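One chain, chain A, appears in both complexes that follow, with chain B as partner in the first and chain C in the second.
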Partner chain A sequence: MKDFGFTMIKQRTIDYDQFDGRLLNEVLEMEPSFKVCLSCGGCTATCSAVDLVSFNVRRMNLLLRRGETVELESEIKKCMLCGKCMLVCPRGINIRNVIMLIKKSIPKYKTVTL
Partner chain B sequence: MKHIVIIGGGIAGIETASALTDAGHWVTVIEKEAQVGGKLNNWSYLFPDFTPVDKIKSVLQEKCSEKDFSILHQTEVSSIHRKNGKFNIEISGEHQLEADAVVVATGYELFDARRKEEYGYKIYDHVITSADLEQLLLPNGDLTVAAGENPKRIAFVHCVGSRDEKSGNHYCSKVCCITGVKQAIELRKRLPEAEIYCFYMDLRMYGKRFEELYREAQEKYDIEFIRGRLSEASEKIDKSLLIKAEDTLSGRPLKMNIDLLVLLVGMEAGKGTASAAASCGIGCEDSGFLKTADSFLKSNFSEQEGIFLAGSCTAPMSVNDTILHARSAAQEVNNWLLRR
Partner chain C sequence: METNPFIWPFTIGLLFISCFLIIIVSIWISGLSHIDKSRIVHSIFTRKSLLAIRETFMESLLHRKIFRKNLVLGYMHMSLAFGWFLLIVVGHIQAWNYYRSLSVPAYKAIFFRYFVTEPATTLSEKTLAACVDLLLVFILSGVMLAYFKRLNSRVFGIKKTTKLKAGDRIALTALWLIFPLRFLAESVSAGIHHNGSIVSQPTGQILSSLLPVHSLEMPLWWAYSLALTLFFVSLPVSRYMHIPVEVVLIFLRNYGIRIKKRIDGYSRIQVYSCSRCGICLDSCQMTHAEIKDTQSVYVLKHIRNKNLTDEKLFNCLLCGRCQSDCPVGLSLNDLRITQRIESTKEYNSSYEYLKNGPVEVSPQTEVIYFAGCMTHLTPAIIKSMKEIFAVARVKYWFMDEDKTSCCGRPLMQVGQYEAAKKLIGHNQERILASKANKLVVSCPICFKVFNEDYALPGITVQHHSEYLLELMVNKRLPMNKMPLRVVYHDPCELGRGSGIYHQPRLLLDEYAEVIPVKNEKETAFCCGGSLANIKIQMNERNQIRDEALEEYLSYRPDVLATACPLCKKTFAKSNKLPVHDIAEIVYMAIQEKQNLQKTEYKKEMKMEFWK
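== the complex of A and B ==
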């Protein structure tokens, strides 16, 4: 296609009505402890990866809950599965299992958002 | 026998009256409405354990009928003056009462949600307050929206009229957070299929079993909590609502189409409180609630000797805290009368 030099800017607003909750529901069903995340950031603070790469475990929760599967897939690769976050979590969430579940199921549900 | 006049026949007034009668005093309660119970009459179930309000109301009513204190219904205080070490209280502009001590238990008023015009209360069809919802949560309450169908997506807004410069209220009303959690759970029980969201700034689960209920709301009842304050709601042609907020944890704006919006309204001091207080020499806090002589040790004392304070006329308070504050007021009045 001829390039006319125009670009399409991705809308920043989260349009909740377009939200695809299938991945979220599957993860919550397999790991119900994830429902009680408070977004306190304890996991991110203790994460072994954050010193090395830009990575934020707390944001996994948000990306999942807002259906941002494309970003989620690339972000989640940075996790080394060391499990330190689970030692810190005040709600006792099995974070490593959450990450594993996302990794396993994301190819099924990956949606491209404009 | 000492005579004590109590202004207000809500939870605080009746509880104080009951305890002071037990202590052997002559007590008169002045109530502006035809019935006792005050704002309790607007509520159906109480947090954090869904106690039916009728249970508390029937205990109050029992106290009114069994104990020997009198209640003057549909009566208001016109003025209070000191005379020879006693108080002269003029009621409804005609009668005079003489009292040794006065207890102010005039309670609070609900924030008028119309003042937050951007949320559209009384403008759009499906915007209601937590007090409105409370009536709908009774077993025969009708939750259906425009098309006669149950709402599929419901949002609660926390801090409506509280912690808000625009409403002129800087304080936290304390009870709305847990009220939102309670009502969200009650809605979930009635509407198992609905999506339910709470938009909050902070969640302040200060009381016994509050935090546990919040956790249960997430864990067991699938209530979704989104941190961000609603900027506005707008009605669509089909009467559904488009709401906007920032999802502050993602740092991005968010919009959502919903069927029902519930505003968790806060508490305000009664409209006449400031002028009434000034006329008998009692001060008000910046919040508009009545000033106590000391926030730690004299929370039932006003700045005027012999005038005592009980309940939510001093600050936003839960039913539980009001009962305790009223009982301690009775104790303080009794001790003060004995010392005289």
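== the complex of A and C ==
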């Protein structure tokens, strides 16, 4: 078949009736500073890993809040924990702790989203 | 030989603690790696053992490090430890001398005045009896100080002290009772049998005139024996386990055994060697941010009690101030990192995306320059370094100008050892492929890991402060001393972490005026920005930073100099004074001189033109 550069978009509907917020709640409880994230993207702009691989710290926030744990797990492993994001964060969020908390707890809450 | 039933509690207690210590130390030593075991076997009959004996004498008995901290506190510890040690030794010599035999059981020496009722006759007996009396008075002076310390610890230079557990309380009470009871028992016996010496005899006479000494003698000797037993039995569950274990630690340390990246017998020995003196509480800057339960002494206590939480384990800056203050010389930072490795080993990353492309470096390259992630957030440092390289005509390869992975130290600090190894392997390959023989690093965090955990044969790793000093000494940099008052802040990873205190000061001294401050070098403050702490909040970091800044500001410097991009960034945020990296200051001085030369040259040219 001729490749026109178009692909089929995968169904990405999120069923909030089946939303699993356990990981999110645990992270917010252990690191309350994460509540004030305004998704400015400063963290992503400065990230050392971004230069080497497709990685987006801000997207981590989105995935976590949507409960997309499978995707989140593969994303979070890319972080090198260098701490640049923490220094540029305008809200002073302890991003490294958020990452470590997710890394620690994600095997517990991993669910397959459809 | 005559005996008395009161010797039994003491003898059983002594037997119990001896067996317990032999068993537990054997378990710990068998938990060491093969290399460490062979280290012990090969060092046991060498000079290292003599050095260990000397250290045991200086630290475990004389408590030299505590003397340096505070004289009264040092005297208290010395009188109890050294006094008790001498009392046991002299007591045994006394018993050997009296019974003319070396196989006298321990209780005969400990309860000598009870069993030997006749007064000392020969000169040697009299001298030994007087020695025992004086030693007892020496120890009692320490016990009195210990009572007083509970009322007012500030006199002893201690602001904060640890809370005692039940086991500690029992052992402490026993320790407080042992010597007064012995003194009373000996005095009462002296009052009855007139067998005392210079101190116990007069005390005995006074007591016999006031009290019914005959009915007191037995209860006092029983009480003394029971106090000793209580101390022996409560030792394993109390902080006083440090007394015997510290000796083992000193020997193993002298044999070259160090903390590993995993928990082993040696780390257990370190944990049990903590005396919970609380000296680390006073040096910890976390208290400036009202964080008072995560200090080393508490973490070691929780490790021992097996109830350490991540919240406490990770809430530490790993600045190393407690480590340089610890009178036992525990490797507190490494111990905490090992614990972190254990706690996070289930979830390390593999960084499969790291791919090494060909490294294209010109063969004339003298130096590999690695700025580090943090330095990329302080571009002034990178700019200064580039300019200095140009001035000194150094051919360099800027390794992490773009697309380079982190050095691995931040991962190492939070215990992600396996993950860090991946980054280390990746960077190592690139560095070795470059064929240069010098690596200059601008960030002390990277510097420490390059130095300690990378295998870079034939490559010298230097922090830029060392490198710039070298350039200056080799006259490759112009000199210009600016009229600038500078306070130099020692970064933790460069100072206490890598032992580099003098090079930055020597360098700075050539370009500006360095003012010495109270807390510098080994006791230097942490800026509060440390990456090792993943639990601390930004406002708490700021409090720690402000406390440190307050001291620096009291010296009214024009500039706060540092050699770490993270310290610079942390201090600069306060907006209280200009903060510059050492490279920036050097470049500023060079630039000033160049500008001056240019103006002078222009003037000369003008003069020549008008002539």
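Quick note on the criterion: the second predicted complex is superposed on the first by the 104 of 114 C-alpha atoms of A that agree within 3 Å, B and C clash if a C-alpha of one lies under 4 Å from a C-alpha of the other, contacts with A are read in each partner's own complex, and residues count from 1 in each chain.
Rule of thumb we're sticking to: a contact is a pair of C-beta atoms (placed from the backbone, for glycine too) under 8 Å apart; a residue touches a chain by one contact, two chains touch by 3 or more.
Keep in mind that what you see is a predicted model, and the values were worked out from it rather than measured.
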Partner chain in contact with A:S39 - chain B first, chain C second, else both or neither: first
Contacts of A:T13 with chain B and chain C, given as first, second, both or neither: first
Chain B versus chain C as contact partner of A:D3, first or second or both or neither: neither
Chain B versus chain C, judged by how many residues of chain A each one touches: C
Touching partner for A:M100 - first (chain B), second (chain C), both, neither: second
Contacts of A:L81 with chain B and chain C, given as first, second, both or neither: second
Contact residues of chain A, present in both the chain B and the chain C interface: none
Interfacial residue positions of chain A with respect to chain B in the complex: 12-17, 32, 35-36, 39, 58-59, 62, 65-66, 91
Parts of chain C lying in touch with chain A, wherever the complex brings them together: 310, 314, 344, 346-347, 349-351, 353-354, 373-374, 376-377, 402-406, 410-411, 414, 416, 419, 423, 529, 531, 534-539, 566, 569
Chain A partner contacts - residues on chain B that touch it in the complex: 215, 218-219, 222, 224, 227, 247, 249-250, 252-257
Residue ranges of chain A touching chain C (in the complex, touch as defined): 33, 46, 48-49, 51-53, 77-84, 87-88, 92, 94, 96-97, 100, 103-104, 106-107
